[in-house]
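This is the structure I have questions about; it appears just below.
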Amino acid sequence: MTELRLAALVKEFDDFTAVDHIDLTVAPGSLVALLGPSGCGKTTTLRMVAGLEHPTAGDVLFDGESVVGVPTERRNIGMVFQRYVLFPHMNVAKNVSFGLRMRRVSATEIERKVAEVLEVVQLQDLARRFPSQLSGGQQQRVAIARTVITDPRVLLMDEPLSNLDAKLREEMRAFITRLQRQLGITTLFVTHDQVEAIELADRIGVMFDGRLVQFGTPEEIFNRPRTKRVADFMGTNNLIPGRLDVQRDASTLVSVAGPLQCASGAHHVSGEDAIATVRPEHIDIGTPNGPLQGPNRFTGRIDDAVYYGGTLTYRVVADGLSLQVRDRSTRRFAVGEEVTVHIDPSHLWVFPE
Amino acid sequence: MTTIRSTLTLLLIAIAMIVGHVHAQPQGDPDAEAFRSAFLAGDLSWDAVLERAAAEGEVVWAHWGGSETLNTWIDTVVRPALAEYGVTLRTSRLTNTRDAVDLVLAEAAAGRGVGQGSIDAIWINGENFFTLSSQGLNFGSFADLVPNSQYFHFDTSNPASGPNLFDFGYPTNREEIPWSGDQYMCAIDTARLERSEAPADFAELEAWLRENPGRFTYVRPPQYNGNTFVQTVLYAHNPDGDGYVSFQNAADALGVDEFIRITQPGYEYLQRIEPFLLGGGGSDGMRGSPIYPEDQNGLEALFVNGEIDMACQFGMYNTAVSIETGRFAETAENVIFPAQGMIKNKNFIGVPINAPNPAAAMVLANVLASPENQISKLGTIGYVLGIDADLLTAEQQAEIDAVAPSLVGITYDELGAVTVPDTNASLVDVIEGTWTAFIERRSGSFEDSVRAAFADR
Amino acid sequence: MLATKPTAPRSGRSRRASWLQRLYVPLMLTPVLLTIGVLFFGALIVALLQSFGHAPIYGIEEFPTLRHYRNLFTLPGFWSSVGLTFYYALVPTVVGTILSIYLALMLRRRFRGKGLVQFVYKLPLMIPYLVGVALTIVLFGNGGIIARGMFALGVIESTRDFPRLIYSHAGWGIMIVYLWKQIPFTTLIVYSVLMGLGRESEEAAATLGAHRWQTFWHVTLPQIMPGIVSATVIVFAFNFGSFEVPFILGGGFPNTLPVEAWRAFEDADYSNRLRAMAIVMFIGVLSGAVLFTYLAAYRRFERLRGRQ
Amino acid sequence: MIARRRAGTTEIRRDDRDRLGPFGRFYVTFVVVAVVGPFIPLLIASFAFRWNWPDLLPSRWWWEARETARLPLGWDYVFSPVSRVLESAGNTVLIALLVTLLCTLISLPAARVLARERFRGKSFVEFFLLTPLIVPEIAVGLGILVTFIQLGLAGTFTGIILVHLIPTIPYMVRVLTSVFQGLSRDYEEQARVLGAGPLRTMWHVTLPMIMPGVIAGGLFAFLISSNIFLLTFFIGRGRIETLPTLLFSRVSGGGALDAVAAGVALIVCIPGIIMLVLTERFIKEEVFAKGFGG
């Protein structure tokens, strides 16, 4: 298993910087997702790892060894392209065996390995088919089979699921997770879909404008975004601006709706403008004077209610704040009804403005 | 509109192609027919001709268009002269005179009679005239009916009439009128080849070529400059020793066997020198066929580019004019070659029977034959007089002497001593055919080549 | 759409519509078929009939006869002509295709002055072959610029010492003109096919461990093959039937077939025109047969590889 | 450890995979030189008065001899009406324009049908329309000449335009077919649904959408027509000259370093250069290559 490290990686094109000093380590056998909106430089980063682009500065290291001077074909990597890029003039078996044939592996060995890999991706019956005769999901599996057959040190995936429909995407997500765990290949995965990143990755790196703004476990990224943009991108809609008041081990955000107790923030400075964020499912909702206790309690009114996939999402207006609240219980509140909402301080994450 | 017209044309073509080749009896335009018979009978005054010519409004003249100087002269002298009579000159510049003859033949075959063709006048001589004449496709005996015919000897009893009454030994029957003369000439560049080193006859040429292989070639027959070279070779090697005389007979009069006898030494000579011509000698792996340029422009290019040291072609004053226009080096000169006989001929304006503007064609022939224009042609572009100088006034003769370009290195006397007439037109095809089969294609024995050429005639 | 609504008042119109619909395809094709059929095939039929002895215009009616073909095949130098025609057609096609593929691959790269190169290389495509002929004469003639330069440098002592590139049967001059005109043509086709393909499949091959040459051979070439095949068909067909280039730059007898046809047509003896027609038919059939075999072989090759 | 130290260094590198190597650079330079270079001696020759072996440059220039010359020389001749260069250029353009127009009108309906309809004999029609590309021009020229002479079409513009249709139509049909293939039926159907009749649909929807392709095809046809030599030469019969036939008469014998021949050769290039600029401006390479099966 190989450790992949990017060190101060920079890529400048003629008039703009696509990748701006990225430092990132993918632990051996783990799967890291690079997450970000399109144009943020994540694909360029991936292509630099593949050797398809040359870094302007910085380094790409496999197990501590620089591969910058090594041409793509000698890096021993696997790459799954967004559009699969199966060779249209070769059938499935030929596509899958391509890497081995290029390495002049013996015919019997090729035959054995192709059969083995096709079984893993469950395409053993389609070996003679041509790419144009396959469905999207099948093409996807051929593309993966083709890359893993050569036992690459690093597997790179460029939005591999974006061309599939919703149901297939779920299936393939599960398949990729299984395969990656099973083979234990160090994998760098590029996506713009935060759900995909959270479900697949061991670690997520969030990129904006060529910079890596946050790197951490899915849980960290999800619950503790470091900037407003990350929070936005991760789908957190509750952003509460205010001013910090930091005391020993707890801090308070003085917002328009009054002071809010926050769990984190020891590293923050008093008097700083900051934003507190909380995910909609982490806000408790109840009838006024109900059982909800503790700090960070407000009374508000239901402004809007949307039913979606087993949960109700309310918009609650309280003391000048507009909060999105997701409720999994079976209760129903009517629009205009008065409610109490409560935010556990441990779920309230603060970052500077 | 364009589409409709084109669709109709297409249908017409389709019908023509399906039906096969149209075969109609030539049915002339009655008006043109009337003019023709009246004019040829001498019943029309020249004024009436001029009047009709102005009504016709234009004249189409097909001529060899490969010379810039000639094209310039035609456009600057002939065109305005015709415009004075209300006739617009349209010239068709040919790469080969045969194209015009073909057109007349094809039109005749398509049933286009008097007045219904597309060409009024052709610069013609030799075998092309022979072809039209033998098919009866000439307008008629007009040459002595135009006013300027006074400058030509047409009196059969006067030997000076010969060049006007015979074209390549074939009687013109006054169906064409001389408009220019020509003289076969050889030029050398004295910067490369000393005058004293230059060969003077064919034996010297062969010896010189063996010393200097590749420094000479001639235009490929059947182009007339090439034919003429072959003719001079045949004259010089005539076993009877009377050179051109035997070649004045028509093919039928001479007979195959006699032709074989008198030409064999000449053709064998041509075959002998072939390996020593430019590009000969197996240098290109394809049995070393020499480079025979396509026409006089190609030959001159080889001469100018230093590939050959002597170039022979028609054009009495060509060297002088070419030096003047910058084409030839200033060191270029003429030489007398071959001493056994340098061919001189006249060439003519012919009018095909189906000329659409016959009166204008007569006016063109007359304009071209005027002493004024003839002298201008000699003086500006060095084309020899077509009219007979002895019929001109003393002033005009003096003017001719004054304007004639130089012979660059030789004299009229030297030239006059070796000048010989052209071959009989009916032999030209045979000479060409034999050359192609025996020299170019080496397709068999000499005798077989000649017999095939005779049969194909 | 009208046909699906067979309501009473519209039935007349719908009948007319269906009548129109039935004639729609033939009507739309008529102008093209008529033009090509009459002008092109009409001309070929005339040539064919004449080559078999039907030529009333020359007063010759001996249809049907194979005489002119028989004469042709026994004509001295005829088979050399066939060989030369093939040689001049094939060598530039093969060499030009290879050079064009390489140029097209280079044009995809980034380099300084690329815009200029992409503009300039297409110039020969736009101008007549005769300009190429003129340039070749000026440059490569034995008295041309290169020969003069070598003379000035003392490399050669006379025009004789310069290798004969034009007016020779080796045909260097002819093939130079073809290459000069046709490399841009083939390059344009290959380049545009390459642009359509994009770089991804080559990148995929590289990530799978294919070297540059392996990538070209296994991935790029098979995908640009259809473009290459149509380019070579057009180029070969053109070279095979080309007249003016071998006419001016050729080495004389034996000539290429089109020049032979021209000479026979221009011969003083009109009966030779029937031979010209026989030659012309022979060129057409030969060129058609070669290209048909080539295309059939290519299809078979593709089918063997399994592509539809 | 060594690698670790290397990791810190920042090194400016270029993309080797995408850059030209030295050999590629040489080759591309060679191509440019081979295309443009030969025009230099031609240009010099066009300004020469006397340029004989073995001079590397003319021993006398055109402008030096110009004043004393009795006949127009070099460029004076080229631009005088006598040379018919301008007349031929006019003919070339006129013929090419009419051929383009006619060819487009004839090919449009067929291309539409070939791109969209399935019918019996379609592959035959496609093959039929390709044969003119395979059968040499000389075969057509010799076959058609005599018939055209009989019909009085030889030496006329109509005759030349008609024969020019033979080599242009196959390309035009190919280009336009690919244009129609690229145009989805949806737009026309949408127009019909919105109440436009077939003609109005054609005028307001189809034509504007296929216009770029039609222009590409038109430029093509123009280019081919203006480059045709043999057919024009046969049918023009020396009466109608175009730039290619004019150049042929100048170089058919092997025109050498003749100033007029060089001048004519340079003039003959002008329509092509204009076409090149136009195509560069208005047409993407991909569209341009469609007609050739790209």
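As written, the chain order gives the labels A, B, C and D, with residue 1 at the start of each chain.
We adopt the following convention: a residue touches a chain if its C-beta (ideal position, glycine included) is under 8 Å from a C-beta of that chain, and two chains touch if they have at least 3 such contacts.
Since the structure is predicted, the reported quantities are computational estimates derived from the model, not experimental observations.
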Requested in this report: Indicate, using Cα centroids, the chain positioned nearest the centre of all protein chains shown.
Outcome: D
**Report entry** Inter-chain pair with the most contacting C-beta pairs
**Finding:** C-D
Query raised in the report: Measuring from the mean C-alpha position of subunit C to the mean C-alpha position of subunit D, what distance in angstrom results?
Result: 15
Report summary line: Between subunit B and subunit C, the Cα-mean centres are separated in Å by 38
**Report entry** Inter-centroid spacing, subunit C versus subunit A (mean Cα positions, whole Å)
**Finding:** 56
Query - Touching two or more other chains - residues of subunit B - result: 10, 13, 17, 21, 106, 109-110, 294, 301-302, 304-307
Query raised in the report: Which residues belonging to subunit A are in contact with no fewer than two other chains?
Result: 51-52, 71-72
Report summary line: Where subunit D touches two or more other chains at once, the residues are 15, 17, 53-54, 105-106, 146-147, 150, 162, 248, 252, 254-257
Report summary line: The residues of subunit C that touch subunit B in their complex are 31, 34-35, 38-39, 42, 45-46, 54-57, 75-77, 80, 137, 141-144, 158-160, 164, 167-170, 248, 251-254, 266-269, 271-272
Query raised in the report: Which bits of subunit D are touching subunit C when the two form their complex?
Result: 15, 17-20, 24-25, 27-28, 31-32, 34-36, 38-39, 41-42, 45, 53-56, 105-107, 109-110, 112-113, 117, 119, 125, 128-129, 131-144, 146-147, 150, 162-163, 165-166, 169-170, 173, 192, 223, 226-227, 229-230, 243-244, 247-248, 250-252, 254-257, 261-262, 265, 268-269, 271-273, 275-276, 279-280, 285-286, 288-290, 292-294
Requested in this report: Spell out the part of subunit C that touches subunit A in their complex, as residue ranges.
Outcome: 200-201, 203-212, 214-215, 218-219, 222-223, 305-308
Query raised in the report: What residues on subunit A touch subunit C, complex-wise?
Result: 50-52, 71-74, 76-79, 81, 83, 85, 87-89, 91, 98-99, 101-103, 128, 130, 146-147, 150, 156
Query raised in the report: Which of the residues in subunit B come into contact with subunit D in the complex?
Result: 2-3, 5-6, 9-10, 12-13, 16-17, 21-22, 60, 62, 65-66, 68-69, 71-73, 75-76, 90, 92-95, 99, 102-103, 106-107, 109-110, 112, 118, 189, 293-302, 304-307, 324-330, 380-381
